[in-house]
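Below you will find the structure I want to go over with you.
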């Protein structure tokens, strides 16, 4: 049972990676990374049960949290970029 | 396990090669740092590979379970340290890159080199 | 079955690594590096290294990615290829790898319980830990006590990085309290991040504390906890903007934390010396040496957590609060 | 445990603990005072340890009270004593006299962090020296490396930044190579304690991983030690670092890596790998010779004083390696002595450079014209240290050259060739030191340089003291010779 | 005062004097020069106090420090060194008197520096003379090179700096490149570098290695100016005349030939070297230098350059004499050091006096100058005759012994060289004497008269010494006989 789930997750991960590699837009990749993070968390949870050590669910929890912060960092990055670009544009227009 | 025994080490060697290549051949300083991170990760993989014992589990002793086989705790401890060292190096490297960008206006090695050539 | 998992994950790892090196968009490279880190962590987990997996995820995938992104924001996100003689690089690299492969042909196979690694020293730790220290997580026991001196060094590496980043990035500034960009609104204008984020921050901190104090029983400990709590504050700063983040914990407090944790750790060592033991010999902390060990471990883990949290946050803010030139 | 048993641990812990305390100090004067006091304390500990070692003590220490190989052991012998002396000595000299120079190069608000990093570098280097554990070496190597990057990045010239980045990348590669090597050895032996490794390697049937490990460790440490041709990071890093940092690091940083290299090769590998002595010699001797010749040649044509001296450092590392690559007691004695004597000479030279830099805006040779007229004492110190670098009798440098040539001549025909090379490169040193002396003494001063005064008093006094030390140890070399020959016997003792 | 303290005193006196000169210069020039003279007198007194003990067969010694086990900074006075020290310290007094006249007469700059380094150079010379082993000798040898450099480059103009660089370059390169390896080799082979009667290398070394080591020593001691390492000597002629006197007569070249002689006698051992055919080349090299330097001297127009090449030839006399490897010749070598010193210092003093008085430097300008400067040219004539070896001058004595030694060894190459070079010497000195006394100036000359009194006084004294040495050489011979004791006849 866990096995099937695990394999399914692996396949999803592979698909996410393909998207991350191919793009084409940056947003595709961001999304792919996000998906990939989620899947890793799931995989860990499943493997923890496979190993018979469910107490390792802690790890999966960490992954999920980290993943979320990562995505927010990316968003923040974009916001900074765009504001910097806007500023640059503004100075160019003035100059 | 036989195959995996090889496979882990091969992946270690290949990752090492990829990281090393990025450090040497890439001119972009941030790319170099990424390469360095891959390079170090490869070594982490090697250490963790050797800690595995067949049929073993993470070396956290569970009450009431007897005759458990545990994997080796020592490489894990070493790699915990090494990971933190790696992050520290990366952070410091990034700080330097930021300063380079501020003073040279570029983070490409060859452009920086050219900027300092006597005119 | 696990073998198949591992082979699969390792293959993905290699593909990701190649992609990181090949892409010329640094932003994408950093994103891929995050994936790389997660994959690596998953591999560690499969290889029974739960503590390492936790650390790699928290430190490698989490904090490192955030720092990389903040640095990218200050530099450039596009690589400019240069014409260069790659042959030399390829040559050097190939030689290294051929030599390594030569060595691996004779390595003990994965999981071989008769490998020398499993015969010497390690069994002693597994056998003696319950008796001498009596905590379930042998990794923590080795980390904090048997090889506590290494861990002390590790804390100082983090401190060195923190000092270094602050020092390097303080160049060219006047030295007074550095101004924070007024126009850093954070992400608080976006509804979903705001709600989810605000909800999450206290829980992450709580979880961090759990990892800190559960370190003797399960995977975790000072490093992971410090990184997780730092992540919580980073999240807060991302949501509310830099200035708000720095108001919550000011820079000087961060530096004090980073230094203070290190002082706690080394101070415990000095204390044990004064009590007549070796440096970091916690047994002397209590009349019962096992109890003493446990007290010592709790104390130094707290030091580790404080330093790591303070240092990582200080590093993050040093990047995030910097004006783009 | 009584106090003296704690000495090796205190050697590391004292500077280590002082670093976070200094971070918390807000005043740069206090930070400097604390750093200097700590450094002097470390020096006192090093002297105490040296006296003990000369008495035959070994200072075994178990960290955390856990016996090796389960815990981390420390230990000190004559070889370590030499290194401890130069590490803490160089740091103390540079800090005691260096305040004016540092104040002129590091902005006031950055100084507490700077001094904290200095303490970490000091602790890291000492930590490498006293430990007897392979992985612990890595940890302290990283502390010292990170701290050194920080110190060098403090240089006011913008070129310090790319230089330090290069150092960081090459240093990290070196450390990682070392880590790979340790991993391979650990894989085959299951231990990290050096002494335990030595014993257990003998039981390893298949030696190919050990051989590869030896290669990785040697190359990794050679990178850190700037062994030719892996020295690319060194000249710029030393040139653009703050002058006092150059004094400190040039005196001891690369030598500590060489120390680890020799320890590994002689304690762990030599007697256990078939033909390792031969491989070691055939690998390192050509590198050493090339370093001596090529780096000296670079120094001949260099016009920036600091870079000139930095290239000379690469050449001097070649001498140290050359002695070691002879794999003989005499050769290793020469190496040990040169570690000590070169630290003296090069430390003094860079101190004099710092003095000059206080008064001259540029360190290019043509800008230093007539420096001796306005700064006679500084240039006198420079000359004495220069003579020591060349190896003129009566100075410390002679002692090690003497032993080195003697060791080379023991080797028959090859040795004569080596002796000729040593002599030739000494002549090259005559020429490049001479170019500085000539510019300073015999060129007419630039008009802007007429009203220049001597360097600030404390810096000058320390520089002169260091110069006198060169003469003192050139005339009375009993202590370094005793330490070095004892160290050589120890290293060779493991070959049997 | 014990002899150990005297040795230390002899080394320190010039150094203390140097400090006194530096301090005295702040008061007045007279105090400075008084300090120089007093120091010279004190040094001379100390050195001569030791002479009787050495004459009586005593060998006082003093060990200062042990640098590394087996290598000491130590002093031990044997006859050859005693002779050299007595010579140098005595001539320093005369040279100081002359310097005062010359430097004042020429209004030279940086006189304080000049006197200070002169004093340091003397300390180094005493160190060389008294050294008990090769290491100590090398130490002071280098100190002498370094301390004379500022003297050679004294004028500070481009020409003198360039020449001084040649001076320093040749001397440092040869000493570090050849002499030092030779010394290290000796220590390794013999286990010691102590100067021992009969040598220390016998039985430790044989075959071509002996010749090679000898070569390292002879060419390593650049100060002995055996061709082709003689280039520095003509280059150093840019220095003020008192410095030339110091170089040629008092200290530097004498230190060179002294070292070579000492190495041959006390390191190789005369008998050992005589029995070893691979060392024979030295005689030929020296003979070649004697002849070719004389030929070059013949073609010189500049008086000081002519004297420089003459010195090169005369130095190789000493080397050749030592290389004959017979007791009489060794005595001849030592005596020639003294005789040449007196003669050559006289010649230089005279050349300097001519320059101070008339600013003349070329030979052809000297027509009829003898009538204007009778004292100076009289002394010059005596010096020249001594160089040629005409009795009653000191030069005759030494040539006699060298010739006797050459016959004793049946060494006809040496004999021929001595005869040929005597002819050549006559060929370049006699025309000058003729010009000075008997030729008429082509144009009327300004009446410049004699040089300042101190200069004339000094050169008169040395001229008298040159003649006096012909008659009163007993103590010197007695001293030198002791050198060859233990050497078979």
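Note that the chains are named A, B, C, D and E in the order they appear, and that numbering of residues resets to 1 at the start of each chain.
The definition used in the following text is that a residue touches a chain if its C-beta (ideal position, glycine included) is under 8 Å from a C-beta of that chain, and two chains touch if they have at least 3 such contacts.
Here the structure is a predicted model, which is why all the values come from computation and not from measurement.
Counting hops only between chains that touch, subunit B reaches subunit D in a minimum of 1. Contact with subunit A and subunit B alike is made by C.
For the pairs B-C and D-E, the count of C-beta pairs in contact is higher at B-C.
On a Cα centroid basis, the chain most remote from subunit B in this structure is E.
With each centre defined as the average position of its C-alpha atoms, the distance from subunit B to subunit E rounds to 71 Å.
Averaging C-alpha coordinates per chain places the centre of subunit A 19 Å away from that of subunit C.
Subunit C and subunit D, compared by their mean Cα positions, are separated by 31 Å. Here the spacing of subunit A and subunit D, counted between their Cα centres, is 46 Å. Residue positions of subunit D touching 2 or more other chains: 135, 139, 142, 146, 149-150, 153, 180, 186-187, 192.
Chain contacts: subunit B has residues 16, 20, 50, 57-58, 74-75, 78, 81, 85, 88-89, 92, 96-97, 99, 109 touching two or more partner chains. Chains touching one another form the pairs A-B, A-C, B-C, B-D, C-D, D-E.
Put simply, subunit D touches subunit C in their complex at residues 1, 6, 9, 13, 16-17, 19-21, 23-24, 61-66, 69-72, 107-110, 113-114, 116-117, 120, 123, 127, 133, 135-136, 139-140, 142-143, 146-147, 149-150, 153-154, 180, 184, 186-192, 200, 204, 206, 208-209, 211-213, 215.
Interface residues of subunit E, counted against subunit D in their complex, comprise 64-69, 71, 73, 135, 138-139, 142-143, 153, 156, 161, 165, 168, 172-173, 176-177, 180-181, 184-185, 187-188.
Every residue of subunit A that touches subunit B in the complex is listed here, in rising order: 51-53, 56. If you check the complex, the residues on subunit D that touch subunit E are 390-394, 399, 402-403, 405-406, 409-410, 419-420, 423-424, 426-427, 430, 434, 438, 442, 474-478, 481. Those residues of subunit B whose C-beta lies close enough to touch subunit C in the complex are 1-22, 24-28, 30-31, 34-35, 37-38, 41, 44-45, 48-63, 69-81, 83-92, 94-99, 101-102, 106-111.
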